[in-house]
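Have a look at the structure below before the remarks.
For reference, chains read A, B, C and D in written order, and residue numbers begin at 1 within each chain.
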Amino acid sequence: MNEHVNPVYLEDKLDEIRADGHLSYRSKSLPTWCPGCGYFSMQEGLTIALNRLGIAKENAVVVSGIGCASRFPFFVDTYGFHTLHGRTMPVATGIKIANDALSVVAIGGDGDAFAIGGGHIPHAARRNVDITYMVFDNGIYGLTKGQTSPTTAQGFKSKTTPYENLDMPLHPLMMLLSYRASWIGQAYAGRPHHLAEMMTQAIAHKGFSYLHILSPCVTFDKTDRTYGKLNMQVHDLSEDHDTSDLIAAMQQASAAEIPALGVYYVEDRPTLSEEMDEISRRARNAPPIAE
Amino acid sequence: MEQPRVGTDIQFAICGSAGDGTIAAGDIMKRAAALMGFKVIAFDIYPPEIRGFGKCISRIRISDAQTYSLKRHSDVLISLNDAHAIPHVGEVRDFGAVLFEDNSIAELPEGGHISAHIRAAQVPYGFGIREISEKATGLARSRNIAALGYAAGLFNMPPGIFHQIIAEKFAKKPRAVTEDNTRAFDAGVEAAARVFKLDDVSVGRPLSAASGADAVMMTGNGAIARGFLEAGIQAYFGYPITPASSIMERMAAALPREGGRFLQTEDEISAIAATLGAGYAGARAATATSGPGLALMTEMMGLGVMAEVPFVVAVSQRGGPSTGLPTKTEQSDLNLAVYGGSGDAQRIVLAPTNVEGCYRCAGMAFEIAETYQTPVVLLVDLYLSNRFETVIPPRKNIFAPKPRKTPKMGKGEEYQRFRLTESGVSPRSIPGEAGLTHTVTGLEHDEIGHPSDRLHNEMNAKRHHKLLPATHFPGLTTQKRFGDSGKVDVGLLGWGSTFGEILETLYTAQGQDIRVAVMKVVMLSPLPVDEIAAFMDDCTHVLVPELNFEGQFANMISGATGRPVTRLTQTTGAPMLVDDILAELHRLIDSPAPPPTSSHRTAEGVRA
Amino acid sequence: MPESDSKANTGRSGPTLGCDDGYITSEDPRDFGWVKENVPCQTACPAGTDIPTYIWEILQGRPGDSYEINREANVLPGILGRICSRPCEGKCRHGWPGNGDPVSICHLKRAAADLKDRGHRLNESLYAPSGKKVAIIGSGPAGVAAAHDLSLMGHDVTVFEREERPGGMLAYGIPEFRLPREILHEEIHNALRLGVTLKTGVTVGNGKGEIPLASLRADFDAVLLATGCMKAIDLPLRDDPDGHAMHGLGQAKYGFDFLLEMHRGEAKTVGKRVAVVGAGFTALDCARVAYRLGAEEVTIHLRTTEEYIPVTREEILEAKRENVALLGLRTPVALKADKDGTIKAVEFAQNRLGGWRENGRRKAIPIAGSEFEVGCDTLLVAIGQRTVHDLLDEKIALDRWNNAEVGDDWMTSLEGVFAAGDYVKGASTVIEAVGQGRKAAQAMDTWLMGKPRRKQVVRIERVEEPLRQRAFDFIERHHMPTQAITTRVHDLGCEVETGYDPDLAREEAKRCYLCNLHYKIDIDNCIYCRACIDVAPKNCIKMVDGIKINPDGTYGDLSETAEWDHVGAIWIDNNECIRCGACYQVCPTKCISITRNRLVMQEV
Amino acid sequence: MASPLHHVIIGSGSAGFGAAVTLRKGDPDCRISMMTMDSLPFYNRYDLPQIFQGRSDWRDMLAVPPTFFDENRITLRRHNRVVEVDGVARRIRLAHQETVGFDTLLVCSGGRAYVPENLTDKLPLMHGMGSYEAVMRLYRDLPQGGHAIFIGGDMIGIDLMLMLVKTGYSVTLITTPQTLWPHEVSDEKRGKILAALADKGVTVVDSARPVGIDAGSDQGAARVVTLEDGTEINGDVVVPACGLVASVEFMLRAGVDIERGLLVNPELGTSNEAIWAAGDVCQIWNDEDKVYQFCHGWKNVRIMGELAAGNMQGTHRDFDVRVEDRIDLDEAGNIVSTFWEH
């Protein structure tokens, strides 16, 4: 309570921020998201994460599909690729395989990822491509002005569900856990500090990392996934959760309506690039196959 | 200087930033005008960002006689955001009015205020839009409605009608929203009452006896949805895409009420697949999309042609290629709609030219599809999809489905789903009809439907020939000639939304004693070639204006008739301007003989 | 006296309302600077009145508490609420370009006094007796204010007054139609109630029957000279720099003496045409008195023009409504008398406006050869007053304006002899005098006790929610209701301004921006989403990359940027901020907080 | 200099318009911006009484066609209220928060009707005559053959009164010290002129000053004016005609000398060399009588505008303040005033 009372001295604060340097990862142009949109938090988080990891701007590529979230690349000063609706994964895979030195971050909204793009995710996860996929989940189609998405809650009313959405929403964490993505975590736009930390870990991970980020759509969802509600519901994973235990992770993921924030599962296994190297090695050691 | 027409013919332009409520204000204005009994044509332009900072502009032309397009010059400009409105000051005619905020709160750079750009001949009305809203409601949110009220007050439009529309518009929101906006509106009216009116803009009484109550304000998309519903559509599958989403939203709201089925699928591919499945099972089924979605759907279009399944796909074109210009209009998906897909996959393509046409074509589409057992594409564009017009629908439903005839079989006769008949149309049965079971496939097949390449040539001929009579389908206008009869200096061939401007061009040109005729072509596949050729015989020059770069329709025409045409193409994302068509018309008249080969000009070229 | 920083105070309803008990105090120059910058009215008030807080109390329907907060800075709220020169209103944020008219701060001060309960109890927290004795010469605003504070701090105070009634200029300078005498009596009495001995009709000086200063110095531990400026400044004329011409000239008088004698009870008359020379409140009072005494044509002659004279617009308008004319750009250069030595005309020189004087007024430069005459039957000259020192038996150091010279400790060149009010500053305003009285008292206490007992700090209180609505900003300034012209005429006793009723007071109070509310963004939790900017009513929330720091350590202007990679913070420009609270409501991460930052006195 | 000079003119009356035209003639490249609170392009105020002869469409009232401004590249900015002028930074600030820089500034904001202080609170009950809209309102609110009450009767008002009586309305004039403003005449001549007005059919009330105005009842007169002596006069409209006071509020922070109006030297320059003034807003130094004096009158105002513009561009011509100031009766008994010349 008293942190509200303690005076903040602007110039000290600004020095601190400038010294820290993450501002340089931002583009010059202001994001065009609705004022209040949770995605601003992701934007802030990613710049902080890249800065913390010391990844040079030119070595980072941000790939996205179609949707509000997918406008992201325009607002960071890294390499970016705004591809087609739902086709993010294959493009990102291609870039990574072409140059292992790049840090590839794929970004999409819940529609881009789990509706039209749903078919691509399992394969990117299965192959353990060394990329990071961040899904900004606001449970709504923002860019087409407010229709339901695969993660929209049951009972939600939208322009396309005027009599309430009766479909059961997807459970991205459970899906990704069952796809065996090798790093799986969840964060929330309303917790900027934690979000930045999770992004840092996800990008640092070797292999396919999936970060699910809960975000309100301040324009088209005034009732369900609002800051007010989420602030009440979000909670942290228990300290003693074992991130190597897939079943425990699934139990945690399915424990509450809004699953806890934190790292669910971490696994160390060869990436697609490493497998390809392995195939090359075997090929070199194998005797030539007769015509 | 453009003088206002006799009677009422006023065009309002409301311009603001996304989030200013520009479109909403325009919507209330157009609905009120329609309810007053005026003919209305309206068109909104808005940016893809939801509430980013892009430009929104809503143009509403209200008149007591039917008009066919927007005017180049607006009579009134209402600025809700100067940065966006300043470029549009020029479109206001002399002694027209410019309404703007004269009490802005943000620091403006020199020249950042619209008052620096208003010509002396235009009439400025500066007032505290934000202040009116805040005083009336405590919030700035109702600026748009306050400005609307001011305009209504200035041009004495009856507030009562606006109150009614506002109440309807916000009926689903909490009561306070309606009350606030009504207060803001009245405050605007009151503010206008205190000013001295100097412009010569005046809203008279509508001439048309038709009371506003019979007239329905519809967008092209709304008309398509209404046509579908009156035709008894039973199943709809869709995937959101600008500018077709509003058809889907209408279906989502209305179809379940009619006992039909609505589903938002995960993508266009599954949307059309489900539609095809339902069509195969005998339901009247449809989907709607735009160019990018249609591109995904072509594989299923092919299957629909191959398996001779009736269903309807409405396509609202936007700027392309690829993701292109999602919120700008264009007519560049003609080739895709007519030819898209693998193999020789001819289908029926209907392109209405105004909102009334959307309503009629959509209403008849299922019957046509069922008659010829083929997919039907309804090809419109953003300009037509989103533009509002007043339509007076017939009192009794003329599109209701006729009872289906089950094929009659003789003793021991084997049912052949794809029997080669004279008309090319085979007896079609649907699951559930006894004794008529069969299999359809995407593979080439024989008359029974078994995979076989033996009859590929015959089957191709059948699938093409069965469609030709459609150009004279009873009750459907597939083409129509307007203007001077007999020989003319210039004939214009038009399709889709652009035909509105072409018709306005005709009326302007007739005032300049040039011999002109125009023909609208509604059925683009199969093409009514004979009528088109006969029309071209009468024309010294044939001019084909359309909103794509290559002149896709012109190609089709000269391809089908083997005669030269002059192309007038433009891809600015905006409708073609009557003045541009007129300019090209005059250029042609001045040039002696028809050019030996077909020339190619862009509207820009004409302007340069 | 100012509230001391102890929980005891949070108990009483009052300035801490609207926030919980959580607060801190700061002595950082940037926090003092914030209050100085952001509460312009308080900064402009010589007595440092905590204006936003007392107006907030009126809005809360607690005129009594409001009166007390006033009294902490100024023991005479009911009086100042009527006749204050209102330096605060000139600085009020509501009056800044684009914001409309200033809040009627002064009228609200009066409202607090008028509307408090009949049985209102004063709130005085007394110090233990110090055993020290203090003599104060003069019972004008400075003397009274000092006497009150000193007695509060436990000293034994005696006030010596030459006239029969206390109050100085308040009682003998300001006419009753502006300041009813029962108000004057009540508040001076309240100020002196805490055991102050008041000796009226006693003159300090060297004459016979008068008490010499030396004996006071012997009998008291400290003496305060607060005798003000009790002598009119002579009218300098072309061939007569010392203005002898005035003396012995019939129907020509100094306004100061005219009013003094009138209030001593002498019957006064004026001729048909009255000319007043001067530009201050005294000049206007003379004119308006003359009007009431039946003059038919009253004219005030100004050196500059009415835009530049140090009186409130209301006073000028009321005077005009009473048919008083103001004529500008003229300096009297000679007086014309008829044979029997009565004034018959004044000769003026035409002026042109020159540059600015340091006090923010304009210079007037006479134009050679532009003289002209204006006829009159009575001449009243009110071009200012000066101090007189003949009461002193020991010389004290004087400054170049011939006023007593005092150090930072308010002590004159004589050990233990202090001075305050007009006697130090030269003719000034009542609120200035009150302010000085208090400061001098503070200094004297420190000197008497050998150490400062209290210091000023910034108290930063948590405020739970915005206390205002945007709608308040559209309320028009409420003008002071006044008596009809007809009822004023020929009645010197009839108070012109009739005061706000409770509803009017509360409506006017709503207009106050409550500038002491500090809106700030916790940058660590800000996600730069601009939701706040989206709802801002003015250009008050800015994307910044820096801020100017003034030499004194306080903050200057924000440096704004629209380049995303330079936006170090989104920050509320408290100088643009009108405290409407819109941003607070929409912030997704709730990183906007509100505090009430006030200057308070604290025990050392 | 690289970029063309920017001349900003505040006010679009005959002084401002005359200045703009002169400036354009003198420099084909310069930028010219006119800031006005008015909603019309330039028209001559002295034509306004003709509205009562049916010349009521504002387009007929214009002195030049609107295209004139486009052709001469004069940016006419209407509904613009200047709230502050910074003479040092050479910037003006408009009510809508826009800041506009200038190289030279010409203030022609003219004057607004003066209303005696004791009637200020009655403003809502009065009809102005200062702009086209104002006179149109008067035209609208005054019933055919109705009764107009003029307070003061300055020369602008008298012009209108004569038009009213000529076109069949009845007019009452209640005199004040400002009657015949801006002329200052002997009591004897004053009497003559008032008599002449009476001959023309104006009812002249020269007894007591007006102290009140009230809205009458629906049945009776629309306005009731009360005089000091208690007499009441009924009419349909009340028009204040007590001369003009210079509109200078927005100049108070500009750091230039102001008395009643902007103080200017004979070249019409103020105490800031970048700022000039012309027309009813300025007081010009009269070196003979050693006073700053106003020079009202349509002709003077126009000449001042042109002259100031010339001087802004470097000519050094003085405005001769010894302008003829005469009001008289011709043999036909008509009032002739130098104020009306144009």
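Going forward, a residue touches a chain if its C-beta (ideal position, glycine included) is under 8 Å from a C-beta of that chain, and two chains touch if they have at least 3 such contacts.
Everything numeric here is computed off the predicted structure, so don't read it as measured data.
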Best-connected chain pair, where connection means C-beta pairs in contact: A-C
Whole-Å gap between the CA centroids of chain A and chain D: 69
Chain centre separation in whole Å, for chain D relative to chain C (CA means): 40
Inter-chain centre distance, chain B versus chain D - centres from mean C-alpha coordinates, in Å: 56
Chain centre separation in whole Å, for chain C relative to chain B (CA means): 71
Set of chain C residues in contact with two or more other chains: 98, 539
Multi-partner residues of chain D (at least 2 other chains): 95, 97
Contacts with 2+ other chains: residues of chain A: 33, 35
Every chain pair meeting the contact rule: A-B, A-C, B-C, B-D, C-D
Chain D-facing residues of chain C, complex: 97-98, 305, 307, 317, 320-321, 323, 328-329, 350, 352-353, 367-370, 485, 539
Interface residues, chain B side, partner chain C - complex: 105-107, 131, 134-135, 138-140
Parts of chain A lying in touch with chain B, wherever the complex brings them together: 32-35, 66, 68, 84, 86, 115-116, 118, 141-145, 147-148, 150, 159-163, 219-220
Complex contacts: residues of chain B adjacent to chain D: 94-95, 101-110, 112-113, 115-116, 118-121, 123-126, 196, 198
Complex interface listing, chain C residues touching chain B: 98, 469-471, 474, 537-539
